[in-house]
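Same chain, two partners: chain A is paired with chain B first, then with chain C.
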Partner chain A sequence: MSAAERVLVVGGGPGGLEAARGAADLGAEVLLVEAKAELGGTPWEAYATLTPHLKPTRELMAEVVGQVASHPRVDVRTDTRVVASEGEAGHFQVTLEQGGARTVESVGAVIVATGFQHFDPGRETQMYGYYEYDDVITLVDAERMMQQGKLVRPSTGAPPKSVAFIQCVGSRDRRIGNQYCSKVCCGIASKQSIEVKHLVPDAKVFIFYIDMRMYGFWEDQLYWKAQEEHKVNYIRGIVTEVIKKGDQLLIKGEDTTMGRPVEVLMDLVILSVGMEPSAGTLEMGRIFQIPREPHGFLATVGEPLDTVSTPVAGVFVAGAAAGPKDLEDTVSMGGAAAMRAVSFLRRKASQSA
Partner chain B sequence: MSAAERVLVVGGGPGGLEAARGAADLGAEVLLVEAKAELGGTPWEAYATLTPHLKPTRELMAEVVGQVASHPRVDVRTDTRVVASEGEAGHFQVTLEQGGARTVESVGAVIVATGFQHFDPGRETQMYGYYEYDDVITLVDAERMMQQGKLVRPSTGAPPKSVAFIQCVGSRDRRIGNQYCSKVCCGIASKQSIEVKHLVPDAKVFIFYIDMRMYGFWEDQLYWKAQEEHKVNYIRGIVTEVIKKGDQLLIKGEDTTMGRPVEVLMDLVILSVGMEPSAGTLEMGRIFQIPREPHGFLATVGEPLDTVSTPVAGVFVAGAAAGPKDLEDTVSMGGAAAMRAVSFLRRKASQSA
Partner chain C sequence: MASTYADVSQDEKARLFRQVTQDARFDTYLYGCYECGICVAACPSARFYDFSPRKIAQALAREDVELVYEQMNDDVWNCSQCFSCLRCPRGNNPGGLITIMREVAVNNGLRTTKEALAGYTRIIYKIMTTGTQVSPDMLQEDAFPDWGPQVKEVADHLAVWRRALPPETMHTTALSWQVEERTMRELYAIWKWTGTLDMIAQLDEGLHDIMEEVMDDALEDSGIDAAGPL
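And now, the complex of A and B:
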């Protein structure tokens, strides 16, 4: 097949799915490569429900996954990795590896949608005890329990009577090297706080935060709702330490609104871990020679007026590979990248015709 | 011309420009209608510079404005309004009015990109004195001065020695009816605070805020930069009153971090006014029968996995017509809407062929 009207989409999460469906709907042939066994990406794998409506992820995403998988112009390769690329815009020769077998494919343009990985709180282990205490978990660990319709203390298997979220773990933190805000953790913690109250109605729920970044409609859809309907307690403060006390966890810090130290005992502590570029994102940056912006994500050009073009001709990006993005950002970028990639190829074809 | 491959884009701001260029690059004929005399929308008209890099708006936007205006497949109609629409997806008959003359145009799909208007602080006049005191201005008034390379006290024409920004004016406020967060005002105020220090290096600058919603890279690009390089003072607190005292303005409120009342005299007060649906957005909602979501903006379906489709077949939305959006959101949505509109028309054409 000619490379001229063929687009490689790397990554089968929400950004890659939207990009693949979009480019294929516009008439291009799409090669969609996903390293894992299933399409759907991080939300499909790790998130029981999605902001802002708390609906089941797989129910929401099944339609787009199905449309992409059955699309006559999308060639889906799961369990497959992009391992090398040669050539340039209009004529990339991309090497794929699946189960040890390598093939070379010709594509005209590339959309990188390889997303993020969650910050590993091991780097902060001395502070919050993620690897020391069973009952210190992350947002993702909590979602995995919620996928099974429960929320319990890992140490006992019993529902917690008190739950504390600690925000900005791995974000807004010069010491650990991530200066940026990860954008979605305030929304996810607020969503989870409501779900905790659904699952364990008697639990007391606290969210320790610096700023609640509940932008746009999240303000009343999630933040007000959590407080007014579900009696979630938001405490503005800095948590300096989580230590074991008896069979509970003692949270020490400062309530900056009240201007006093705070020490509270909790059954379960949930760390709101931020976003970092995924291994796949770093690898695609290397393979397609996409520069990284100062925070380590893939660079785009033209910010704020072009969110998806990288400095490499014919290579576009969608979603959190380019920085912290919420789902709406990611899906909009997927659609925009599809438009840009297809129009790029048509312009190139008309120039060489 | 057949309606089948013709897209109407309403609004020539960043979302409409991106949508128009995108749809035209994909091969569709585009009819771009703008009520004002110039393309560029609210940023072009009202903002001297753009976040996050503080570059001149017109310099940044000139390229896309030029590309759209000179695109062989974009028919630009400025000083023109959409006043009526009949028919349905694939076959809209849209009535345009320009200088009293009406024409009817056939289009297959519609992208509404009519944006927002700034909250009018007159509604809060008793609190902040916008219509009472010359030296109480809005973010937009400040930008207009900065477009001329200056920042002065309107009462005297002299540079201010002290400047206070008040955040969340017309946002996060049940009393005035806008429950949502307007998303961009924290970023714009922080950007302006840096510009104030460029223009008036000796000025003391304060930002009174509830939460600084400096999501993503704005955190260090603007928020840290304002504090560390430009010594801007961020004060978490509620401002209850602005009153005239001598030839200055007395700000009364509460510093919630310090837990004490605050009273400070300022030379200039800048109100960070939020977003509301523009008159054009409400009018397009009526004409194309697009339902409004609970906050009053145009409704989209499929949130968070589809940001641009309205409940009306063949009608899409880009940018702040659908709620508070930053420029990146708006431009991504413009590209996504172009993709959706063109693929919608091609699917329709293939079904009826």
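And now, the complex of A and C:
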């Protein structure tokens, strides 16, 4: 097949799915490569519901997953990795590996949508005893429980009477090395706080934060809703440490707006872990020689008006591979990347004709 | 933190806290607090006293029974009830929360409330028996030395000075202005029937009894049932 109208999309999450659907609908042939067995990416795998409307993830994503999987111009390769690339814009020779077998594919343009991974609370230091105490979990661990329709203390299997979210774990922290805000964790914690109250109505829920970053409609859809309708307690101040006390967790922080220390016992502590570039994103940066911007994500040129073009001609990026993004950003970038990739190839074809 | 009111039981503090939060107005006076401080910035009392309408809202939102009890004994009397704090972007009404807290404090006859309002019993008496808050004859030289020497001249010839005022209804010395008898009877009936008079029973029993007698006599003379219409 000619590379002229063929686009490689790497990653089958929300950004890659939208990019694949968009490019194929514009008439290009799309090769969609996903390392995992299923399409859908991080939300599909790890999130019970999506922010901000608390609707089930798989129900919401089923349409785009189905359309991409059955699209006549999309060639989906799951359990497949991109392992090498040669050539240049218009004529990339990309090596794929699936179950030990390698094939070489010709593509004209590339959209990298390999996303993020959640910050590991044990990466630098053992933050908040995540690997020490059963009842210290992350947002992702909480989502996995909610996928099964429950929220319990891992130590006992019983519903918690008190729950504390700690924000900015792995974000906005010079010592950790991540100076950026991960953008979505305030919204996800607020979303989860509402879900905690649905699952365990009597639980007291606290969110310890530096700033609540609830831009746009999330303000009243999530923040006001959690605080006003569900009486979630937002306390400005970051917890310094979590200590085991009896069968509970003592969290120590400052209630900065009240000007006094806080030491309270919790049944469950949920760490709002931020975003870092995924291993796949770093690997694609290496293979396609895309520079990384100062925070470590894939660099784009032309910000703020062009969000998807990388410094490498013919290589575009969509979603959290380029930095912390919410779903709306990710899907919008998927569409923009599809449009730019297809128009890039057509302009190139008309110039050489 | 050590409690300032350690002699008062937790149960009692919790009971008063519930009276505040279960008030019918409470939910529309406290939605959720940004803790932004705009209410403090707008508050005239906060400029002069160690007083913060933000902390009132926060203590209630945090369900801090201990601190709310402290505030109900102390902070609430530093508020001038001007409602500048309605500037709140969340639509909270810290001044209204203070209104509720004051009412709970008065209805329960807190010792500190009696102390805070001790200087006002004369004014309460004046309002409830005459319908006006102050009267010209309260203006005496020794009571208002800061008003200057002319206070004596005015006090000595009060009736003349008052007659110099254009409205005839202000030619009074024991009242701010002439209140019609019918108006007084209606006010007595309202204060009796709505329980407003009973609010001060916990605060100053003697004052309450005197006023109740004044009101009952007046109502009986005019053939109005002091027990109310129901």
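Here, the second predicted complex is superposed on the first by the 349 of 353 C-alpha atoms of A that agree within 3 Å, B and C clash if a C-alpha of one lies under 4 Å from a C-alpha of the other, contacts with A are read in each partner's own complex, and residues count from 1 in each chain.
The rule we apply is simple: a residue touches a chain if its C-beta (ideal position, glycine included) is under 8 Å from a C-beta of that chain, and two chains touch if they have at least 3 such contacts.
The shown structure was predicted, so the numbers you read here are calculated from the model rather than taken from an experiment.
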{"item": "Of chain C and chain B, partner touching more chain A residues", "value": "B"}
{"item": "Contacts of A:52 with chain B and chain C, given as first, second, both or neither", "value": "first"}
{"item": "Which superposed partner A:257 touches (first chain B, second chain C, both, neither)", "value": "both"}
{"item": "Touched partner set for A:228, first chain B, second chain C, both or neither", "value": "second"}
{"item": "Partner chain(s) touched by A:329 [first = chain B, second = chain C, both, neither]", "value": "first"}
{"item": "Which superposed partner A:82 touches (first chain B, second chain C, both, neither)", "value": "neither"}
{"item": "First (chain B), second (chain C), both or neither touched by A:189", "value": "neither"}
{"item": "Chain C-contacting residues of chain A that also contact chain B", "value": "224, 236, 257-258"}
{"item": "Residues on chain C engaged by chain A in the complex (per definition of touch)", "value": "1, 31-32, 35, 54-55, 58, 61-62, 90"}
{"item": "Interfacial residue positions of chain A with respect to chain C in the complex", "value": "224, 227-228, 233-236, 257-258, 260"}
{"item": "Chain A-touching residues of chain B, taken from the complex the two chains share", "value": "14, 18, 22, 25-27, 50-53, 60-61, 64, 172, 179-183, 211-220, 224, 236, 256-259, 293, 295, 303-308, 323-329, 331-340, 342-343, 346-347"}
